[in-house]
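After the structure tokens below, expect a handful of questions from me.
Naming follows writing order (A, B, C, D and E), and every chain is counted from residue 1.
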Amino acid sequence: MDENKAAFEPRIIAFVCNWCTYAGADLTGTSRIKYATNVEIVRFPCTGRIDFMLLLKAFAAGADGIIVSGCHPNDCHYTSGNFHARRRWIVFRGLLDFLGIDVRRIHYYWVSAAEGAKWAEVVNQTVAEIRELGPYTEYKKVANYIEETEAAHE
Amino acid sequence: MKETGFYPGCSLQATSREYNESVRALARHLSLPLREIEDWNCCGATAAHSMNHELALALPARVLALAEAQGMEEIVVPCAACYGRLATTHHTLVTDETLRQKTCDTIGMEYSGKLKILNAVQWIEQYVEPLLANAVTHPINRKMACYYGCLLVRPHKVLQFDRVEDPQSMDRLCALCGSEPVDWAFKTECCGAGLSISRTQSVGRLSGAILSDAAERGAEAIIVACPMCHSNLDMRRPAANRSLGQKLDIPVLFITQLIGLALGIPRKELGLDRHFVPVPQW
Amino acid sequence: MKNYQIKHSDLDGWLEKIIAAGRRVIAPVTEEGHTDFRPIHSPAEVAADDQVQTIQSAKQAAFPKAETLFSYRKEGTAVSLDQPAPESYLQTVVWRARPCDAAGFTPLSAIFNWDYKDNLYNARLARTTLVAFSCQQADAYCFCTSVGGGPGEKKGCDILVTKLPSGKALVEVCTEKGEALAALAPGLFSEANAVADDSPLFAEKQSALAQLPARFSKEDIRRHLAEAFDSPVWREQSERCLGCGACAFVCPTCACFDIQEDPHGSHGRRIRCWDSCAFALFTQHTSGHNPRPSQATRWRQRILHKFSYMPERLDATGCTGCGRCSRACPVDMNLLEHLTSIAQK
Amino acid sequence: MSKIGVFICHCGENISATVDCARVAQAAAEMEGVAYATDYKYMCSEPGQQLIRQAIREHNLDGVVVGSCSPRMHEPTFRRACAEAGLNPYLCEIANLREHCSWVHEKGEATTQKAIDIVQGLVEKVRRNQPLTPIRVPVTKKALVIGGGIAGIQAALDIANCGHRVILVEKEPSIGGHMAQLSETFPTLDCSQCILTPRMVEVAQHPNITLYTYAEVESVEGFIGNFKATIRLKAKSVDEKKCTGCGLCTTKCPNKKIPGEFNEGLGTRTAIYVPFPQAVPNKPVIDKEHCNYYQKGKCRVCEKFCPTGAITFDQPDQFITEEVGAIVVTTGFRVLPTSFFPEYGYGRYKDVITGIQFERLASASGPTMGEIRRPSDGTVPKKVVFIACCGSRDPAKGIPYCSKICCMYTAKHAMLYQHKVHDGESTVFYMDIRAGGKNYEEFVRRAIEEDKVNYVRGRVARVYERADGKLVVRGVDTLLGAQQVEIEADMVVLATAGVANPGAEELAQKLHISYDPYHFFAEAHPKLRPVETNTAGIYLAGACQAPKDIPETVATASGAAAKVVSLLSQDDLVREPLVAVVNRCAPPVYSTCVGCFLCQTACPYQAIEREEIKDRQGRVIKTVAKVNPGLCQGCGTCVSFCRSKAIDIQGYSNEQMYAEVNALLNHE
Amino acid sequence: MNNWNKQIADMLADGTVALVIGYEEGSTPQKTRPLFCHDAVAAERLVMDGRCTHNLAVYLTKKELLPAEGRIGVVATVNVLKSALQLMQENQIPEGRFLLMAVGPEGKLTELPDAESLRQYIAAHPLPDNPEVAALIEKIDAMSREERWAYWQECLSKCVKCYACRAACPLCYCTRCIVEDNRPQWILPWASTLPNIEWQINRVMHMAGRCTGCGACYAACPLHLPIHLLTKKLTQEINREFGTERPAKGNVLSTFSPDDKENFIH
């Protein structure tokens, strides 16, 4: 089991805002801090722009984990996009949990443009935790499922 | 009418029996139900919180938990020191979940934090004040200096009671009893409090200043809501007078006593005979 | 084909054999007070035989709500296609369907074969065996007798079982698929005579059936519909219609479908799924024009298609009188009531 | 079928050291829609850019992905290169292979695969990019300045001197603000009015400045370059055109005992009054609340005496509308109401006064002609105690922040007192002395060392009047071992905190600018955009942002003026087209927006308006949301909020983001 | 004929209203169904009692069903009124277009002409919480995450995507629902487990702070899937996190407080 976990490379999508976390991740780069390769970054203008459906789409497309990260409260480039986002995530997270979707696979962070080191930690920590959880098979299975009789020839 | 829990604390059993008596007399007179918390213990005042934080929380927490377990929704704590300890502990427990759990483990009881804690003045404001207009039969037409001391209104963040530097609640109650509250400068100054026994001389100096300002402004009595204040201003009067080089005979009454007088409750029921400085017939 | 008799108490034993033979069985199952077809794995899961109808029809056995038409994969510029093989579909038994369910497969097959022969549908149907049970009760929504069916009608069944008052059940085998099913439990059956119109067995069967007098005839409806295109009746009847697809999706003959893509970059699949003429988007053109712009015109389409166009083109009526649409309708659009009013116009 | 070009940069060895760039290019070449892919040592160099330009032309590319450093670095460079080759610059996307890949991972298969994934994501995104054109917004070349204190005066003059027209609105009858009330100014001790009044006059006479006093901004609509402000001109009851400012009316008015605002209640004025002798405009107004005629229906003395018949009792409030391109808010501050610290006895004891009252006492034009005299009995106080931080830095009772100016003006007050009362004794109670500023520390030292002001570090617990009428100030001296000190004083001056104006919140809401918890207006960025608000085209200066001294106020005013001038110097504003748009589709739907307008509250910029879609006869078919591209900043909060997906954002559209997310997970 | 039927018949006859939407007897004695009364005669068929559960507010946004001119009367239940009020707040029904009427216990007809009167009537007639719904939610809350996933997966795999839940909801009034948007294809259009879950998540998220809790979605579902638990649960969460007061402008998700609390963002 543990061997399998070690062999398992989680695929993680990071939804980040342009002004804080994307810039923070740039700083990680310029600081040459190394981190795991499992995370791919998608740049949004603001966390307020991140549609909750995109998170579900990432799971459906095979992601094992998700990072959502933006400016710290009160630091939003657009003054309140992150506050809107935070509300959305509070509501969304409650709903997902009620549906039994594994909310431990969606990690939310505030990472500022100055927190290059934090970004590396965020990535490594998320990768480690998702690795521990294993692949999100139950969601992928449902994503592929069409019809009962087809199970036979899958 | 809703029953209010009652926590006397040690002072009200000893040096300030008259405070206890006058609170109960008021309740009796106005048919306000009070029920003493069964099996209450020391609030830990003065000693515990300067020595052991855990103990300082556990002692009051047990009292609070008892009150809750005995079905009380609110309690009145006439002693300002006890009130400070109980209210501070309550505040700590409801704002710090970890400490709450730890303290509950220590005392082996649960405390949910739903209890409301009132000092004597708050209790009067809530239950007595609405009745005063009709109930005052013997208005006390005298000048009074309301002395709040240090514990009744501090720390403001925790107690959220009255204005810290210029409290007004007792002044208002005095006025309702027909008295005239004087504007004076020592409302919240230190009386010497816990040094009553160990450094009587200091108490004399501090209390003396309070007494002399009150007297200078024409006050005919000082009104308090704290056993410590009372004993320092009343029992330690010789020390104060020594410090002042004067012989001040201004009496010191608990707010409950003043209201009791205004309601026409007999002096003995209010424990007025227990004072060192005699209270004149008004 | 042969007729058999079987004890009521042996029906479960037969079903057990069918399951044991590896068939996928769907049967009425009651959950939270509502009965619908579900895959079962033991006779104990089957609902008590005391309800008129399942929510959905048996059409899903041959025409599931979503199915893969084919999948594809691209590697560089090469593309490979993968089509489902008919053999991959599971051998399915629909247990305790109703005669009106069975009757639905005739118009359904007509639609799927009138021009292009729909391989997927045909393959699934070929691997489906329908065990229908005659109806012993009917409710306010049933009207099979008005559209040419009946509570003991064999048309479309592979096997029709009629529970007789005697404690035995008459098992009328209609097809070879049915025969094969009966053959799974030879010990449980005793042979019975052919059920001629004058035989005592016929009388016994008739006595066990629900009584449902016809309220109108298909011909009446067709005649009235021929002149009803511009009638105000469509608007009147459809005013409360919400435009959902519940009626179409529970209907045993509704066959409209949509074809959709499920792309995943270099691989993906094409999917067929149910659609409904009640949806506003069903006929929406890209230009914005919609030839059926209102719920009234969509309701008219539903009725005309089933009772006028299908009889004209396919020689089949698109309705078996099962009443499912009326039971499922969130706003109580009662098809029987509406048809009766059209027939009486 | 799209024709995307993919250009993988080695960045010297910055990328190629850990990413196999050739393989990334090769993988990209096989991606759907990619017509050309290559790698090169330095893509941002001129030959690299030439490579891109050439490929665009040769392969007729309709989209470009450059795999290089962060887009925050070279996105403009590569977009310009694309534009030079005739490709719309917004069809170029940058795959961040350096900061997000090569620099943060070790060399290896996983790193190269990640680079391929990133490129794949952006190829799919760019396939859905739309050509965009920058947004041009016309600019009305006129500015509105709200508030006629020194900040407003400075901003108005700076803008006007650049040749732009300015509307200056002041709510009081005269401009001048707090600075006009001050005696002398630290650290130079030059006379406040002497330096201010010439500027006030300049404002009144400037051909580019229109001054509205006794006026308030009623409402503001519009957006940067295109504001429309409605201004209420409160009735002055005096016809300014007829009034010559002779002042006869003010001498005749029988109602003479009104506490004057300008003198902070230490002097009186009449009901028809000019706030102070140097007022601009120097024409009186009638204070209706105190005028006998307005209150009791009788008097009209002023009307009788007015030689020009300028008194017009029935004058109504007037409303005018001004179109302006930019707004500067300079509404200043006020001092904290003294009820915050009852223990100091302000209001109870006449000789406990505020700092601003002391300014009036010390001012040559003040009620005592500059002599320091007690309000109670007019005697010269021999002992004065100054208490700093009255309300400031006091989260429990006052405000948590430092009011910044009090240390300096208290030092100045003590100094002025010592200069005027040579045998006087002054004591300052303070927490810390905050004297950061040019010549500030030296100034305080002078007060202490040369003028012998007694500085006591400690808080004052209480001020009370002894039976004999002496004020007793009881405090603590923390430098003397926390000893209690009691000082008998003849006068106590409280350095009350500076707080926001009571109308600040309302004004902020009118202007749609944000404010902090203390109701001071908030800067767009506290450091890098200190005079801008987050509403484009609205700027801030002076103490409406936080308490400020005069030099800082003037500096921010000039800063805001510079911002305004640079805005007004353009005929059109050019903005990035990365804004939200509400969709349009074929009739009869017209737009999938259903007009619930819930998005309006989600927008931090009030950029969402209502638009009526009409038929040819002008009948309204439906009302839908419309994004004003002049206001929209492109955050996209509305986009993810919209239920029917009727709003989308250019450059980060739903289709683009959806495709990118899916593509990142494409490889198995 | 009830007195109120007569009153409505008169209103139709004298043109006070051009149409009245209400309830009539249904196919079985257990149920009623929506009725569109165009004339005084039809008004006789109107009924109002505990069986009237359809949320008629769903018709208020269907312009093609409503006469172009004149007022439209609605004989409404409290649930209808709540939805109508929400529709007003969302700019969906013009002031004065509808005359909402409630029938009191003695058949007294109360006219509720504007938002304020609606608000007062709703406040005076609170609907009891359905204890069964609360119990079901508690039951699901008590499950392990895996059990919850299994529960909903099983439940929603049955959905046939007839969109009756959407059609019956007065607040699902979009002219083009997100499921009909294919650029991008936010929600896969066929009925299988994941697309069904995605659809419900969207439906419920779009109801955040808007859902009035009428239960029409559940009542309409031909498969009787307990999808109302999702909206109800969401409402509970919102009330717990942000209080029961709804913002006067905008809604729960279009507004925010800087003090919103969460413990999952690090």
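Methods note: a contact is a pair of C-beta atoms (placed from the backbone, for glycine too) under 8 Å apart; a residue touches a chain by one contact, two chains touch by 3 or more.
Note that the structure is predicted; figures quoted are calculated from it, not measured.
Looking at chain C and chain E, the chains that touch each of them are A, D.
Minimum number of contact steps separating chain B from chain C: 2. If chain C is disregarded, contacts among the remaining chains keep them together as one piece. Farthest from chain E, judged by the mean position of CA atoms in each chain, is B.
Compared on C-beta pairs in contact, C-D and A-E come out with A-E as the pair having more. Of all chains, B has its CA centroid at the greatest distance from the CA centroid of chain C. Here the spacing of chain A and chain D, counted between their Cα centres, is 37 Å.
The mean-CA centres of chain B and chain D are about 50 angstrom from one another, to the nearest whole unit.
Inter-chain centre distance (chain D to chain E, centres taken as mean C-alpha positions): 45 Å. Each chain gets one centre point, the mean of its Cα atoms, and the points for chain A and chain B are 57 Å apart.
Of all residues in chain D, those that touch two or more other chains are 585, 589, 602, 641, 654, 658, 662, 666. Residue numbers of chain B whose C-beta contacts span two or more other chains: none are found.
Looking at chain E, one finds that residues 186, 190, 192, 253-255 touch two or more other chains. Inter-chain contacts, as defined above, occur between A-C, A-D, A-E, B-D, C-D, C-E, D-E.
By the touch criterion stated above, chain C contacts chain D in their complex at residues 74, 76, 264-266, 286-290, 293. On the side of chain A, the complex with chain D involves touching residues 9, 11, 13, 22-23, 25-30, 32-35, 37, 40-46, 48-52, 54, 57-58, 61-63, 77-81, 84-85, 88, 120.
The touching residues of chain D, counted against chain C in their complex, run 30, 32, 120, 124, 585-589, 662-663, 666-667. By the touch criterion given at the top, residues 52-53, 56, 60, 73-74, 80, 83-84, 86-103, 107-110, 122, 138-139, 142-143, 145-147 of chain A touch chain E in their complex.
By the touch rule above, chain C contacts chain E in their complex via residues 32-34, 36, 55-56, 65-66, 140-141, 239-240, 242-246, 248-250, 258, 260-262, 271, 273-274, 276, 279, 281, 293-295, 326-328, 330-332, 334, 337.
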